[in-house]
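Each structure below appears as structure tokens.
Across the two complexes that follow, chain A remains constant while its partner is chain B and subsequently chain C.
Then we have the complex of A and B:
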């Protein structure tokens, strides 16, 4: 069995760390989320996902509609699925932090900046970092179509459940 | 303009139609001994418009005129359209690259070889030093491998195509200074490229993807083909039933994520007809 999932109980929540590529070999079903009052999914070490992984993810989290779920450290590939695929972020899910691509036209450098709830975004909108610089101290531009990339925020899909 | 005309003159059997407005799209010419296929060069179409026309089956090749790879994609497409069998069954690299690219070729027979392929693919990918290429290529690799190793043999059995565990599939990765290409060949030819394009259109014409094949216990969720389209700038499907399927994806280098997302995508899909069928229809028309 491929080891893509690490579960850890931390007080009143279960922290689930996802690892590597979420593909047709991942067996989420082997990890029970039953009984967890709050679940935090940490995507910081996710390298990729395919269509089977997307399906298995939705199948795994789908039955837990009454549990508060927090997604953190979402890489771009996960943000894409949140925006594109119904149910990838369920109605009881909340994105606490996610990465946003920045690009330097001077040096062609790419950076992914972490946007966190309460700092770079909140219910009041997006509060962009003052400056993101490349290795030569040139300002970098946000490198997404904001209406598409921040869609899950703008459409009220992201609701913090206390 | 002279270079463009000179290029087209080399491929007189391929009709190239420039179509700036979808309202001006002509009726397709039937393949004949003079015209083998048609390329639609478009600009300022929406993605949905292009997919809708593609899904209708009226035309099979759509190239945008605005992208940074417009010229090289036209060159590739003209060659592929002229020699689809050779592209499918022989070395496809000269069809994409006029000079020698950096390349990696990996063969496989079973899905259990995936990890071994990834062990070679990852360091090769990191040489590109482009995060966009790396992230997109990883996803494309996953879908292409799954299609060839799992979906293709399953579909082949359904269609009565012999599944021989000895036949090899092959992944090819290649890049030069302007683009990265992934191409996957399977030896079955069970893919229906028209059905794939219809599926892509169905999925991407909605605001959100509903995973319609959610209850399928095996195989993908039905959204794999739309992911291939979404994460590449050109998607190419060439099939000959019983002989092979080649699915290829191109990603431009030196481009930011925003520019990539704004690109008008290219699409070509060819089902190589059985010998003689091409002219049989013409005689009966």
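Then we have the complex of A and C:
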């Protein structure tokens, strides 16, 4: 049995740290979310997710539709699922921060810039960083199809829950 | 099967018997050698020591006799006869039997004067006078010789002396008896001899095996050597015709006498013969014991091995239930245990292999059946060209793509069931069945999605889901109505874009999105429309493309996928070539590495073929 989940109580919220590859071997059901008024999911250490992992995830968080859920430090693979899979980010969920991949055609470097709510994005739209540079000060390009990657922001799926 | 030439049983027997015998033989040889040397050294040492002692006693006896004679000789030289003093000394000394003064005249010895205790001794002396002529002829002044010519061990001592008055040479002869010398040399237990300068045995034990009276007849070289040797004592091994002796000698220091001891070497080393005999007896017993042990042990070993061999043959013939019953707690027992485990495991693996072969056969059948779910890879609907590619990660896949034309409407769909393999393939079958029914009905996209969703949910009960994209192109209106159930949004490339489109030219169809098929039977699917123009191009795909790995285990990823796509768009005028280009580039990256997920994509080009 893989241990992909770490739960920690911090005041009135439960912080859930997710680790590794979320697939058919992950056992979300072993971790009860009952009674938590607020849940913060930290995806910073997630390395991958497949269709079985997505199914298990939706089964896990689906019943907690009344609980405010915050997604933070979402890597690209999670943002892709948020955009693509209906229900991956529930209606009571809010993406607080996520990574945006940048790429330098000159040096082949990759960078993942953290976009945080209130800074790089808000209800008013996306506020791109002025310039992301590689190690040789070349400007780096955003490495996604923006309309697809930022769909969850543009289609109003990311609503801050008070 | 290889035949057995020399059974292990006999090998063990040989090993257990030959090795102890060889070791015992080597040990015996070593011990006998050491023992023999030690024994010989002991014999030499002891006999030399005793020889010295006996020689000393012998010399003392003769010197005592000679010192008693000196006054008698002096009296005779003074008075011309043995006077009162001589006769008194002679009478008082019981050991003296005869005293004579001999004189040589023209080579003939005659008795000049004598005293005897008994006429018998005089007669004996006279009888041997001829022999004395030879002996005394070579005797110089003050030289002595000793003989024992008499049967009763009486001793004849002769010393040549010069008369100081007339300077003539006399031979002073004394016959005396010495119990001391008789006891020393002629005793039953004595093994010593007294020899004179000619090698004659003056005293010897009549019980000894040495039958001769002269050492000259025994070993001439030896006696000559010690006679001329200036070394007063020594040891040497001597031989006669049949016997070897351990001989030691010691010069007495009187009248060239010497004491000699001769020990029969075989007799001296008889203890070794006993040792050898006992050792051979022990070796025989050891051999019998070793044979017995080797027979018992080799039988127990070979019996177990024979049983193992027979069981192996049964396994070779396909009887995997074959087991051996060996209760030994040694290596053979362990081997038997391992054999039984191996036999059991081989049987299990054979069953598994048979089961796997059966399942593979069934999966192959399922794959063949599943292939019927897919439409032809290439289709030209005059106003729309389609080309596609599908490759499952295993025998059966969870991806599915499909198209059909009803009247002026063309239905396009692509889906990806949760996971892959047989369970996912069954869901694609359910989707295909539902599509077959609804494609004949004039339903809008959301309704079709509804029915397919219900069909999948009924089949999987929420355990397996499917992402799904459905598009319906109305050839009259050039409108494509589409729904998306959480599937990768297709990319639209407008026809006016040249042959080298950029990433920004890709339009993902993301306007609507709903839950996956099979997740909730009551899902209502949104639909939207997009207008297609001449030469518009759409790529439908599953996420398996980005998951393709190269031989280093590196995923293709979205960036490279987009690059491959954009590169292949050079052929967007011809969907078939486009698909060939995409497939070829992906295969180059993959280099025959196994797929992680099913790979499915198809494209359409709207408008008439160019």
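Assorted remarks:
Just so it is clear, the second predicted complex is superposed on the first by the 162 of 162 C-alpha atoms of A that agree within 3 Å, B and C clash if a C-alpha of one lies under 4 Å from a C-alpha of the other, contacts with A are read in each partner's own complex, and residues count from 1 in each chain.
Here, contacts are C-beta pairs under 8 Å (C-beta built on N, C-alpha and C of every residue); 3 or more make two chains touch, one makes a residue touch a chain.
A quick note: this is a predicted structure, and the numbers were derived from the prediction, not measured.
Clashing of chain B with chain C is the outcome of superposition onto chain A.
In the superposition on chain A, A:108 contacts chain B only, with no contact to chain C.
Judged by the touch definition given at the top, the superposed model places A:147 against chain C, while chain B stays out of reach. Comparing chain B with chain C, the partner in contact with more residues of chain A is B. In the superposed model, A:87 makes contact with both chain B and chain C. In the superposed model, A:21 lies in contact with chain B only, and not with chain C.
Legend: residue contacts after superposition of the two complexes on their common chain; A:58 is shown touching both chain B and chain C.
In the overlay built on the shared chain, the residue A:49 is in contact with chain B alone; chain C does not reach it. Within the superposed arrangement, the part of chain B that overlaps chain C, taken from 56-64, 110-118 or 272-280, is 56-64.
Touching of chain A by both chain B and chain C, each in its own complex, is seen for residues 24, 50-52, 55, 58, 84-87, 103, 143-145, 148. Chain A makes touch with chain C in their complex at residues 24, 50-52, 55, 58, 83-87, 103, 143-145, 147-148, 151, 155. Residues of chain A touching chain B in their complex: 21, 23-25, 47-55, 58-59, 75-77, 84-87, 101, 103, 105, 108, 110, 112, 141-145, 148. Interface residues of chain C, counted against chain A in their complex, comprise 416-419, 465, 467, 485-489, 503, 506-508, 510, 513-516, 519, 558-559, 562, 597. If you check the complex, the residues on chain B that touch chain A are 111, 114, 130-132, 135, 138-139, 142-143, 146, 150, 208-211, 213-214, 219-224, 227, 230, 254, 256-258, 261-262.
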